[in-house]
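First subunit A sits with subunit B, and in the next complex the same chain sits with subunit C.
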Partner chain A sequence: MFCGAQQKGEEVIMLDMIIIDGLSFALPLFIMAVGGIYSEKSGITNLALEGFQGFGAFTGAVVVVWLTGITGSTSQIPYYAGFFFAMIGGGIFALIHALLCIKFKADQVISGVVMNILAMAMTSFMTKSINSAFFGNSANKFMLGASSRITIPYISEIPYIGAVFRDIYPFEIIAVIVAVVMWYVLYRTVYGMRLRACGDNPHSADAAGINVNAVRTVAVFISGCLSGIAGMSFAYSISANFSPDIYLGYGYLSIAALIFGNWNILPALGACLIFGFARSGGSAIINELGLPSSYNDLVRILPYLLTLLLLVFFSKHNRSPRALGQVYDKGRR
Partner chain B sequence: MAEPIVEMRHITKRFPGIVANDDVSLSVNRGEIFAVLGENGAGKSTLVSMLFGMYEPDEGEIYVRGKLEHINSPRYATQLSIGMVHQEFRLVSNYTVTENIILGLEPEKKLFGLFPYVDIKKANHDIAELSERYKLKINPEDVIENLNVASRQRVEILKMLYREAEILIFDEPTAVLTPQEIESFLQIIEGLRGSGKTIILITHKLNEIKAVADRCAILNRGKLIDILDVPSTSTDEMARLMVGHEVSFTTPKTPAKFGDTVLKAENMSVKNPSGYEAVKSVSFSIHSGEVFAVAGVSGNGQNELADAIAGLVSCSGGRITLNGRDITNASVRDRIEAGAAYIPEDRHNVGLVLDFTLRDNFPLRRYYSDKFSRKGVLNDAAFNEYGRHLQENYDIRSGQGMATITRSMSGGNQQKAIIAREIDMKTPLIIFMQPTRGLDIGAVMNVRKQIIAERDRGAAVLLISLDLDEIMDCADTIAVIYNGSISKIAPAGELTVDDIGLYMMGVGKTA
Partner chain C sequence: MRKFLLSCLAIIISLLFGALILWLMGKDPIAAYTNLLQGSGLMHKARYAGRQSMFTDFMSFIDAMTPMIFASLSVAIALKGGFFNIGVSGQMMAAGFVAHMLSLAVPSKILVIVAGIIAGAVLGALMGWLKYKFNVNEVVTSIMFNSIIMYLVTFYINTFYINPVSRQSKSIIDTARLTLSGYRWENLKVDIALAFPLAVAVALLLQWFLERTTYGYEIKAVGLSPKAAQYAGMNVNRISLLTMTISGALGGLAGVAYFCGYLASIQPGTTPSMGFDAIAVSLLGGNNPAGCVLASFLITIISKGSIYMSSRQHIEPEIASLITAFILTFAACSAVLSRKGKK
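Then we have the complex of A and B:
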């Protein structure tokens, strides 16, 4: 191995790339998994993360395209407004899931799947409609442009791990801040304590005077908000546009991460990092070997393969919240 | 002293097909232990549930501290300083004692004066103090799932005290406790009365009422029969009023006539799911016409023993023969056909399909036979006829007859249904696992009579029970199980309760 940041050997550059790309994939995945943890810890099964992130990205993208028309392409306002509205859009869309599962006591698995299909169909229809109505074309995508990147001076010069602070997307910082806040809320505050109680034994929460349905509705809303941020991040980093390609299964991947993380935030971060580095590491190897870019598609399945493998080892030991997926019905014994 | 704190006037509550409470009026005085006595399904739980706001009465009024109140939620009941410990505890299993108690009323502090958080340190301290004050020993930082039932109950009591409840309602508090734990529970509630609390105790155990209660209301089929002054009433009198007729506390029994050996276990061993040998090389045999009772403290291998004979778990060693046929590795269905019936301890998860109707639960063990199905198609008429037959012959009461979903039936009637299904098969071997757990006196006596009747029919009966009275009452042969081994087998007449108690604790003379 070479040492020092000055002589950047090929391996070092490759390692940097792995870290930079890995993080930019892992962190949005993580923030979505945190949302999933909120929903599931409150007792609502959430297979709808995929749909939430897609719908969130859609609302964000609409706002970006609209604002860019007003402010011009150099302004940073559309970028941050996009994330804000992606969050709101994902949250509001998630309320449909909450309504179905909590108010109408629907099967939560079915509701989740329906939400995913609904998001996919609605967003591609609306994308085309908006494009043809306002921009005179019938493209199924909104161009966003690539996100700018930030390098933090000095600490990014540290050998090897300095790459963590180099070329970061602003949304990675957003994700980290939001995750810290979410961790604090879940494990330290009254709301977090009540939320986790609802997922283990809603009867005891109810007996303690807690409005189980309200707690759960808020939790599902939060999961939609966080998924929205994640969806917008993917739209900015992976494709530089919003199109139905956003539905590549990242939502399911984050569900896998939260399961491997045993429904806890920090271990879920570990799982997301593994997925992220598996993906970026695979790409780096393909580049290194000079293989045609079509092999990149092969690399994309690495996280999913890893999911299968991890499932074999982890699924036995992990324990889901006790009341997960059960409709809360006061009278039932 | 006689200042009423709660008054219920002309309370009527109806559920589909049943009147749970019919014009019940009673008043509870401040600072007394007021017992509500009645058989299962008599409407005790419903009555006090209305006081706690879980149901609202269809007719009638509730006065608390002299004021008319519409208690429409547990939350409101809590505001009125009414607390309740349910039969099934309402605890968050992965939370600590403290977290469970403060849930809903969390003390808060602010990080950097800005970010609110739950002040667990202070809470732990408060709970430790509270438990000291009321002499309810508990470690505030223990996690609920690691605690035994008696400790969990103390957590439930502390939960009410933390909310400063003055009226404490207990729904069948001793059903899940061991005799020693019951003793200390009764001391606890006497202590609570001493500190000025009012206690409403729902139970069907007469000796507990006699031991602690001041007054006692007796319900039968939803109607208030009487309110008695406990110290001046005998338990026999209470029992008579509760059941509605004279009851005898012993089961009449003719001498046993043993026939051939039906069940034979040789060096049988069973491992529990975590790999621990729960039954260790046990040998015994049961004859036709014999009640073979296994006594022991809970968790000494009884469940594994029963499940292994019924075929729900497999043996890790040894041999089981039924009427000379080796069934060690036979499937459950083969064992049914070979003649083994099983009344399991866990009514809800093993005994019944709770969301099936009563009618559909009856043929569960035989639905595939020619009587109930033809070429894989179920025979509706046969189901109906069989359901009617069992319901009539075994006096199973349910709201909507055979179409009742078993989940909504009372525990006693659920058990009656299971016993009816099993003994109606007239098998040579019947395993009764804790058959009277949670049942009221009338039902208990009924079950015991049935056990004896089956023995007299010529069945071999394996009775596993934690209740020594039951074992002394029914057994022809008594075996004591301790730590997975049978420490003593003797004819019933040769052992006293004290002897058995010693063997149960592993300190008896070696056989």
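Then we have the complex of A and C:
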């Protein structure tokens, strides 16, 4: 797996592993946080990222399993089609959240949590049903097969930081490209400006001729799409299958990252990287010390604990979008 | 009254949704729903195994319902006070774990209950404190706590307290367990939930507390509008802390009723889904203690009866959580309709 590992020292290999594993965890988290920023900047509190990523991963996994049956396991088509449909699936599921929050004026926090529970119940039921209906077993997971990995020649040979370009999952590249586009759209286009206006002062936005509800619906849809990509990435990188185990609270980690990043894209990336490296670094230390695998459970606490600490220290000075979580009521002043 | 009707509507729509799914899968919805009632001991099954009857089924139904009442009350009082306690799962697990540990030293039912209350209350208070002191969203902290507690407990159980056969934690000793399991009564083997009377009493007490005491009034006032409450001279921080402490204590009670009563051991690696189902129950019960008891009854029929239903109809038991999730979704919509009606 690690080319030329023999020539290098032990610490270097460990450092490489921390970088490689950390990035493959941080980037999906980041793309999901970007989606959350879109939704929250438009004024819709989004605790439903967890459910969106799970549902997206489910639709993506169904497509992958179905296409692999047609094209054979060597083709790369199912992989990318899987990501595309994960995006669509996450987006469509997100529209339920938009419907509840915008049309039915439900409490956005409650709606978000409800979405997570609904996603979990629907996907675990449908996974089992589809498996027993089409494949004759009642497994609760879809096997996806391992993702291919890319190593960029020459750059990856640079000592230490070269590991950033080694053994990259293709979804990491997708995530980076999408994030750059999303950054541009949010801060440099008319739509992005309108979206931010809807989250800060929807009445002014309305007066300026913007359809607040439409902008918000699109924002929630985008957050669903991005979460879908993230969910599919987790399905590939962590377990190489889709199962209800995908609901591990990563959606909430990315919410913490966006709060920590003060609802801005670049600082959120910083938080995601911290989570990623805390996770991979912890595992590497457990490996290094030769402790039994049950000690891994202690390491898994790290990202959550960090989130908690970061929130405690940074929440006080945060400025959330002013109209965040409020139902937009045209008649109210 | 309007709220009650809307809750009923949410249930009916969800059951119809569920029936539609069952029908699409080629099952008979009426038979399936009858199985739910039979599995809960509310209707006669065609036949029973030895030492079992409709009565024993009903008693184990009560046993399953007891922690649900506590858990839903925990969510309900938090919502009344303006908090969304999604950390009930973590509070349950922590309380169950602490009670298990203490019962190793002093096996006593009273101690198990007290330990559960204290463990839950401390966690709840911590969340309330983080909210008002550092302005951290309690939903996110609760989720973080859920994960942290789950991994800590899992680590401890897997390392020191595992039953190698069942892959669960060791079982709590019978003298400390809150359920009399397999109690011989005439020729039947009955599970008696000793905490059930306590659950009903706590619900009544909470109803009285919210409707008839100053503290209850203040909790509701802060929940409706913290600013108005502060303007009226209430100490919002102190009341928030009180709300979350009570909520946490109830979550802890749910935990001991679940892990040291209904079940005798703790399953490592997962948080109990009851903490999330309790949100559905509480919303359905209109965040009202009496309503919570009624709604617990209903949701437990679905969760408990689904085991029998899935074995009779050859359908995935996950259908139960699916129907619960539907109820939750419609209840979230109808909570708004009821607000609209008042304006």
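Points worth noting:
The definition used in the following text is that the second predicted complex is superposed on the first by the 326 of 333 C-alpha atoms of A that agree within 3 Å, B and C clash if a C-alpha of one lies under 4 Å from a C-alpha of the other, contacts with A are read in each partner's own complex, and residues count from 1 in each chain.
Assume a contact is a pair of C-beta atoms (placed from the backbone, for glycine too) under 8 Å apart; a residue touches a chain by one contact, two chains touch by 3 or more.
Just so you know, these numbers come straight off a predicted model, no measurement behind them.
Under the clash rule set out above, the superposition-derived model of subunit A with subunit B and subunit C shows the two partners fitting side by side. Between subunit B and subunit C, C contacts the larger number of subunit A residues.
Once chain A of one complex is fitted onto chain A of the other, the partner contacts of A:73 are absent, as it touches neither subunit B nor subunit C.
Contact with subunit C, but none with subunit B, is seen for A:109 once the two complexes are overlaid on the shared chain. In the superposed pair of complexes, A:137 makes contact with neither subunit B nor subunit C.
After superposition on chain A, the vertex angle at the CA centre of subunit A, spanning the CA centres of subunit B and subunit C, is 80 degrees to the nearest 10. In the superposition on chain A, contact of A:117 is made with subunit C only, not with subunit B. Contact with subunit C, but none with subunit B, is seen for A:252 once the two complexes are overlaid on the shared chain. In the superposed pair of complexes, A:298 makes contact with subunit C only, with no contact to subunit B.
Aligning both complexes on chain A leaves subunit B and subunit C separated at their closest CA atoms by 5 Å. The contact surfaces that subunit B and subunit C form on subunit A in the two complexes do not overlap at any residue. Touching subunit A in their complex are the following residues of subunit C: 25, 84, 86, 130, 134-137, 139-141, 143-148, 151-152, 154-155, 158-159, 276, 279-280, 283, 316, 318-319, 321-322, 324-326, 328-329, 332-333, 335-337, 340. Those residues of subunit A lying in contact with subunit C across their complex are 47, 96, 100, 104-107, 109-111, 113-114, 117-118, 120-122, 124-125, 128-129, 132, 138, 248-249, 252, 255-256, 259, 292, 294-295, 297-298, 300-301, 304-305, 307-308, 311-313, 315-316, 318. Contact residues of subunit B toward subunit A in the complex are 54, 74-75, 78, 86, 88-95, 99-100, 103-106, 108, 111, 115-118, 159, 407.
By the touch criterion given at the top, residues 184, 188-190, 193-194, 196-197, 200-201, 203-210, 322, 330, 332-333 of subunit A touch subunit B in their complex.
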